[in-house]
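Okay, so here's the structure we're looking at.
Labels A, B, C, D, E and F are assigned to the chains in the order they are written; within every chain, residues are numbered from 1.
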Amino acid sequence: MFLHDKHLQFEAKPVKPDPLMAKRVQELIGGQYGEMSVAMQYLFQGWGVRKGNEQYKDLLLDIGAEELGHIEMLATMVGRLLDGTSIEHQEAAMKDPATAAILSGMNPQHAIVAGMNARPADSVGNPWNGSYIISSGNLLADFRANLNAESQGRTQAVRIYEMTDDPGLKDMLAVLIARDSYHQNLWLQAIAELEEAEGKITPGSFDRKLEREDIAFSLYNHSASSEESAEGSWAKGKTPAGDGKFKYESKVHVEGAIPELENPHPSLHSTKPKK
Amino acid sequence: MFLHDKHLQFEAKPVKPDPLMAKRVQELIGGQYGEMSVAMQYLFQGWGVRKGNEQYKDLLLDIGAEELGHIEMLATMVGRLLDGTSIEHQEAAMKDPATAAILSGMNPQHAIVAGMNARPADSVGNPWNGSYIISSGNLLADFRANLNAESQGRTQAVRIYEMTDDPGLKDMLAVLIARDSYHQNLWLQAIAELEEAEGKITPGSFDRKLEREDIAFSLYNHSASSEESAEGSWAKGKTPAGDGKFKYESKVHVEGAIPELENPHPSLHSTKPKK
Amino acid sequence: MFLHDKHLQFEAKPVKPDPLMAKRVQELIGGQYGEMSVAMQYLFQGWGVRKGNEQYKDLLLDIGAEELGHIEMLATMVGRLLDGTSIEHQEAAMKDPATAAILSGMNPQHAIVAGMNARPADSVGNPWNGSYIISSGNLLADFRANLNAESQGRTQAVRIYEMTDDPGLKDMLAVLIARDSYHQNLWLQAIAELEEAEGKITPGSFDRKLEREDIAFSLYNHSASSEESAEGSWAKGKTPAGDGKFKYESKVHVEGAIPELENPHPSLHSTKPKK
Amino acid sequence: MFLHDKHLQFEAKPVKPDPLMAKRVQELIGGQYGEMSVAMQYLFQGWGVRKGNEQYKDLLLDIGAEELGHIEMLATMVGRLLDGTSIEHQEAAMKDPATAAILSGMNPQHAIVAGMNARPADSVGNPWNGSYIISSGNLLADFRANLNAESQGRTQAVRIYEMTDDPGLKDMLAVLIARDSYHQNLWLQAIAELEEAEGKITPGSFDRKLEREDIAFSLYNHSASSEESAEGSWAKGKTPAGDGKFKYESKVHVEGAIPELENPHPSLHSTKPKK
Amino acid sequence: MFLHDKHLQFEAKPVKPDPLMAKRVQELIGGQYGEMSVAMQYLFQGWGVRKGNEQYKDLLLDIGAEELGHIEMLATMVGRLLDGTSIEHQEAAMKDPATAAILSGMNPQHAIVAGMNARPADSVGNPWNGSYIISSGNLLADFRANLNAESQGRTQAVRIYEMTDDPGLKDMLAVLIARDSYHQNLWLQAIAELEEAEGKITPGSFDRKLEREDIAFSLYNHSASSEESAEGSWAKGKTPAGDGKFKYESKVHVEGAIPELENPHPSLHSTKPKK
Amino acid sequence: MFLHDKHLQFEAKPVKPDPLMAKRVQELIGGQYGEMSVAMQYLFQGWGVRKGNEQYKDLLLDIGAEELGHIEMLATMVGRLLDGTSIEHQEAAMKDPATAAILSGMNPQHAIVAGMNARPADSVGNPWNGSYIISSGNLLADFRANLNAESQGRTQAVRIYEMTDDPGLKDMLAVLIARDSYHQNLWLQAIAELEEAEGKITPGSFDRKLEREDIAFSLYNHSASSEESAEGSWAKGKTPAGDGKFKYESKVHVEGAIPELENPHPSLHSTKPKK
C-alpha cells in the first residue's frame, strides 16, 4: 500500500523556463534508465521477493518508493521549465532566430498533448515501456540489473548537468546524482553479499557439471585482423569467480556441421527444393 | 566487416520436434536478454569505443561476433523443433487431447508467418526491440549492463534446460550456459579493471563535490510499517566504493515544499483555476 | 513523495494455483486499462495540476497512490497463482492431457523471465506502454479519460470474475470491482462540476465563433445502404450541451475539391508526372 | 464495404508551406487521439455491434467513415505544408538562421522516408499503434472512450489552431474543431441514453451484491500531508449514479496482511531464502 | 471522402465457432501483412500521389477502399468464430481435455478486452503498428512494397486455409486469396510500366555516375566455407536492369582502414583512453 | 558462425562534424529500411532455407554478412559526425543563432544516452524493431520483400546524399547507393528465376481452383467520382502472370449480406440488445 506526501522530497525549481532543457530532462523521467524504470523495476522485484528474504524486500520497496518521488520531482521540474512558454503567433515569433531555434527544437507534444507538462516518455518522445525493466526472481541477477540502471542513470544525469547553467536545475540534478551514488554503493554491497552466499556465476544453484565446462573459460578470437583482446586480464590467469583459469583461443573452436533443415510439409507452401 | 562460416559453432539438433519448446526457445533469440540483444549490444558498444581503448574494442567485437553465431544456432534449433509439424486438418487433430494441447499452445506465427522457422521475437511474440540494448560510451556502466545481460541470459537458459528432456536441446543449452559462465567471468574481470582505474561510482570523472554529498550515503526508510532493511550491510559501515559511511534514516529527509505550478498561457486552453 | 506500507490494502490469496488465471489477471496489471495505467495516469495528471486547483490535485494523488497499491495486490495474486507450478519434466507432464493444456497455455515468460512472478505486461504479453495514458492539462478532458478507464477496467475485472471459481481470487476482484464503482461515481461527479463551470464542449475556453458552427450540429449519413442512425436522439432535438439543435443530413455535405498536389523538388527523387 | 469519393469533404489548402506546422499537424493524424485512432476505434466498435443494436452500429460506421475522410484532409494538408521544401544544399542553407531553425526542427522522415508526404505517426514520430483504441463490446464503456477521444482531440486541434497564422490551415482546423464539437454532443447524448437503460456504473449487468459494496463509496485519503480532496463533492452527499452516499475516510482502510510468498520450485533457480 | 455500405462485399460466415481459428485469423487483420496494413499503405500512398499521376492515385484509392472492406469481413468472421464461446466456470470446463485445450489456447483479450470481437492486432496479440507500412513518394519503390505485401499476405491466407475444415471460413479465404492473386497481377503490371519509364534501378532519376559504379555489379563472397552462391545467375552475365555485367568476387574487396574515433569532450564523462 | 575483420569494408570519414546529419543518417542504421533491417532480414531468411536450396542460403548469408558491415560503417560515420560536439554551456551557445539551430535540432539521445555514438534507432528516435523484417519460408515472397527493401533503402540514401555537401559523407553514401543498385539487380534476377520455376502468383503451389477464380481478375471501382484507373494496363488485356485477362468493373461486385452477429453470453457483460 502506498501513501503520498505532497511535499517534494527535494526542491525542483529552475531559475527560468527552458523548453529545450524540458525536452532533455524527459530522458530522466521516461527513458530506458529514467526514474519510471527504476521505480517500477524495484517495485516489481520487491513484490516478487519470497519468504525468508524480507530484508531484500524491504530494501527494494524503500528504494522503489523513493524513486516514485523522483519522477514527481522531475515532472514538476519539466512543468516549470515549460512555464511561460507561449504557443501563440509562432509565425511572428519565428522571425527572431533565437526564439525560432527554441520553438523548432521543443517537443511539440509538451504543448499539444500535455499542456506544458511532463510526458511519460524519453527525450525523443518514445513512450516508457515495460520492456525496460527486469524482475527475474533471481536477486543476484536483478541486483546487477539495478547496479547497471544506477550507473547508466547517473551518467545521463551528469551529462544533463553539464548542459545547463540554471542553478535551480543544477541543484536538483546534484540531488539525483548523489542518490545514484548511494544506490550504486547500495547495490554493490548487496551484490557482494549474494555473491558470497551463492558464488559469482549466477544462478549459482545450477550444477556446473551439466554445462560444457570444457568451453567455459575460453575467449575465442572472432577477429580476423587483430588480437588486442588476447592481452586482456580476461584471457589468462584465474577467473574472478575462482572457478578456473581463463584461456585465449586465437582460432575459434568449431564443432557444428553445416546445418541442413528438412523441407516443411507441403501445406506450408514454402519454396520447394531447387535440386 | 563481417565474414560468415556456414558451420555452426556448436551443434543444434534436437532429438525430436517440439513446437512448444520452439516457442519457449524464442526467448533466447529475441527476448529482452536474448542473443539478438547481446550481439547488438556488444557490437554497438564496440563500434563506439574511442582511441586508446582498442583492447576493449577488440574484446567487444570478438564477443559480439560470437553472439551472432548463437542467434544462428538457436534459429536452426527452432527450425528443427518445428520440423515435421503439420498444420493441416487441425479440426481432426484437435480430437486427440495431447495433440490438441500442442496445437493450441504453439506460436501461430511460427506456421503462418515464418513457415516453421524462427522469428526475431520473444517467447510471447513481442518483436525484438532496439530499446533492449545500451551503449553509453562509458564502458564501466556498459560492462555492468553486459554482466547483467549475461546473468539474466544464463538464468533463462537454465530454466529452459530444466523444462526439456530432449538430449539434443539440452546439449546445445549446455553450450550456451557455459558461454554465459565465461562471459560473466569476463565482464567481472573487465569491470574490476575499470573500477581500479576510475573508482566504483560511475562516471568517476564527475567531481563529487558538485553532487549533494550530504545525502549520498543514506538509506531512507520509505516504509511505514517495517524496518528490515535497516539491518542490512548497506545501512551501516564503510561503503564498497570506500568513499564514506552508510547511514540509515528511519524518517525520510524532506526538503522540498508542496509545489505550486503557474497556470499556463490561455492559448493552451487548460483548466482555469477554480479559486 | 511516497511512502510504502507493507500491508496489502486488501487480501490477495487464491485458494489454489492456476497459471492460466495468472496469465489472464495480467490484463489488470499491465493492460491498456490495467492498474499501471490508472496509477500513472492519475499521478501524471496530479503532478500537472496548476495553482488554484489544489483540490483536484489532492484527489488525483489520493487515487493515484491507491492504484499503486492495486498493482501490488495483483502482483501478489499472480505470484501466488503461479506458486507450486513446476517447470521440470514437461515432456512427462505433457502425457496428462489436463496438465498438458495448462502447460501449453501458460505464459512462458512467467517461468522463464520472471521466475513465477508478475510481469509489467498484459494478458498476451505486450509490455505496458506510456502511450496508454493521457494527461493533457485540461481536466475536463482528462476526467473523461479517467471515467473511461474505470469503465473499461471494471468491465474487464467483471469478465475475469466470471471466469474463475476460486473464492480467494473472487474476493480480491470483488474489492477491485467495488473500487471501480466508486471511481466511476467519483469521476462522474467531478466531470459534472467542471461541465457546470466550463460547459460540456471541451475546451470551453475556445471561442465558438472561430469554429465552423454551421457544420457543428449535423450527423452526416456516410452509409450508402441504411439510415438507422437517423432515428437516434443524436440526430434531432436539442443538444446535451444546450448549444444548438441536432440535424441529420442524409447526403454528406461536400465542400472540398479533388486535391492536386504539386510535384516535389527533384532532389526528392519521387516519381515524375506521367503526363 | 467502403467507397471513396475523390473530393475532400472540406478544403485543405494552406496559404504557404511550413514544415514545422507539418510536423505538429501529424499529432492529429497518427497521435494517440488523432484521426487514425477515432476512425479505427469507431469502425472496430461498429463491426462488433450485435443484433438488436443496429442503430448504434449505423451511427458508429457513419462517424468512422467520416473520420477516414479527416485523415485524408490532414494528409493532404501535410503534403501541401511540405510543398516547395527543398532538401538540397543544406549546408549553405544553414547559414541563414531562420532557415536553419526550420531545417533543424523539421521531421527528417518527412523528407527521407515519405518524400514530403504525411506519415502514419504522431508529432514526435511514434508510429500509430493499435493499442490506442478500444472496442470492448460494452457500448456505454466504449462511448465514454469516444467522448474522451473527441475531448482530447478537440483540445489538441485548438492548441494547433492557436499556433498558426495561416488562414488556410486555420480554416481546416475550424472544420475539425466544429466536428469534434458535434461528436462530443453526439456521444454525450448516446451515453445519456445508455445510462438511462443500464445505470451509470458500467457494466450495469453485474450483480452489485457480488462486489464489496461496503467499500464502494469511500474516498480514502492516501495523502499524508493534506486533505483538500475531503471537501470535494465526491466525498459527501449522494452519488451521481444514485446508488449510495459518498464517504471520506481520512485514514486508509487496511485489511490485508504483509504478504509472504512461497519459495518457487528449485528448478526455477531463483534466490534461496537467506534465513 | 469515404462512404460505407453495410453489406459485406463477400460473405463471412463460419459453420461453427472456433476460438483458436479466431486467434489465427487475427494475423490477416492486424499482422505485419494483414488487411490493416494494405488498406493504410494504399491510402497513404494514394493521398501522396502528385499532379500528373492521377491514374495511379485512383488505382491506389480503389484498392485501399477495397481493403478496408476486407478488414470488415475478417472482423465479422472473428466475431462469429467467437460466438457461443462462454467464459463461465472455466474450472469445471478445464476438466474436459478437449475444451481445456481450446480455453488454454484462445486469445484471452478476445474475451476480456473485446467481448468476443476482433482486435486491431496480430495472431500473438501485437497491436497493429504504423511502422508496418511505407509510402515513399517513389511509386516504383512503393509498388514493389505492395507486390511484397500481397505475396506475403496470400502466403499467410493460404496457410490458414490449410488449417481449417470449416467450409464457411474456407469460402471467405478463397475470396481473399483470389483478390491477392489479382493484386499481385496488378502490381506486377504497374511495376512493369514504371520500370519501362524509369529503369529497373530505383530511383531512376539519380545520376548513376555519382554512385560508385565500379562496385555496383559484384557479389562479394562473405562466406569463409562455401561458394554455392557463385554459381547463381546473379553472379555472372547481364544484369536484369541491363546496366552492366554481374561479377563474383570470392575475396571481399576491402578499402577501409581500421577506424579510430576521437575521444569525446570531457563533459560527456565517457571512458578515458587506457593508454 | 561469424568472424569480424576490424577494417571497415569502405571508408567512413566525414570532412567535418555535423550533428544534424548524424541524426538523419540514423535512418539508414535503424530505420524501417535501414541496414539493421536488411542484415537481420537476410540472415533470418538464410537460416531458414531448407535442404536443396543451398545456393539461395549461401547468397542470403553472403549479403546478410555484408550488411552487418554496413551498419558498422554507418555507426562509425555517426560517431565521427558527432565528434567535437560539446554539450557544455548550452545557455551561452544558444546566443549564437547558427549554433542554436544545431543544438535545438540534434538528437538529444546522441549526447545523453550514447555519449556521441550511434543509436539502434531511426532518424526520429524510434528504436529498431523486429517487426520491420520478414522471413516467410517462401523465397519468392521474401525476395520481393528484399527487392522492396533495397528500393526503399536506395531512395532514402539518395535523399540524404542530396542533403549534404560533405565529400566524405557523400563518398560513403556513393558506396551504399552502388551496393543497393547491385542488390536490386540481384533480387530482380533471383525473382525471375523463381517466377520461372513457380509462376508469378505466389505461393505457386496453391491449387488455383480452390480460390474464387471468377473474381481473381477484376479491378473494382471503389471511387464514387472518378474512373481514371479504368484506363490502366491493369484493367484490360492479358495479366503478367499469363493466367487470365484483366477486367474492370465500374460498379463493385457485392455478394455479402448486412451482417448480424449473435449477442454474446451474458457472462461477457456486453451491451444488451436495445430492441
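Remarks
Following the convention adopted for this analysis, a residue touches a chain if its C-beta (ideal position, glycine included) is under 8 Å from a C-beta of that chain, and two chains touch if they have at least 3 such contacts.
What you are looking at is a predicted structure, and each value in this text was computed from that prediction instead of being measured.
Residue contact pairs shared with D-F exceed half only for one pair among C-F, A-F or C-D, and that pair is A-F.
Averaging C-alpha coordinates per chain and comparing to chain E, the farthest chain turns out to be A.
In terms of their C-alpha centroids, the spacing between chain B and chain E amounts to 29 Å.
Counting partners per residue, chain E has 1-9, 32, 48, 55, 57-58, 61-62, 64-66, 76, 79, 87-88, 97, 100-101, 104-105, 111, 113, 115-116, 121, 124-127, 129, 131, 134, 136-138, 140, 155-156, 158-159, 162, 203, 206, 222-226, 252, 254, 256, 258, 261-262, 264, 267-270 as the residues that reach two or more other chains. Arrangement of the chains shown, judged by which pairs touch: all-to-all, with no pair of chains left without contact. Those residues of chain E that touch chain C in the shared complex are 1-7, 48-53, 55-56, 87-92, 94-95, 97, 100-101, 103-105, 107-109, 111-113, 115, 121, 124-127, 136-140, 194, 197-198, 203, 205-206. On chain B, the positions that touch chain C within their shared complex are 20, 23-24, 27, 31-32, 97-98, 100-102, 104-106, 122-126, 155-156, 159-160, 162-166, 222-226, 252, 254, 256, 260-264, 266, 268-275. Residues 1-9, 30, 36, 40, 43-44, 47-48, 57-58, 61-62, 64-66, 68-69, 71-72, 75-76, 79, 113-121, 127-131, 133-138 of chain E touch chain D in their complex.
For chain F in complex with chain C, the touching residues are 155, 158-159, 162, 225-226, 258, 267-269. Taken together, the chain D residues at the contact with chain C in this complex read 3, 5-12, 32-33, 54-55, 57-59, 61-66, 73, 76, 79-80, 82-88, 111, 115-116, 126, 129, 131-132, 134, 136, 138, 140-141, 144-145, 147-148, 151-152, 154-156, 158, 161, 174-175, 177-179, 181-182, 184-186, 188-190, 192-193, 200-203, 206, 208, 210-224, 226-229, 231-234, 239-241, 243, 246, 252-259, 261-262, 264-265, 267-270.
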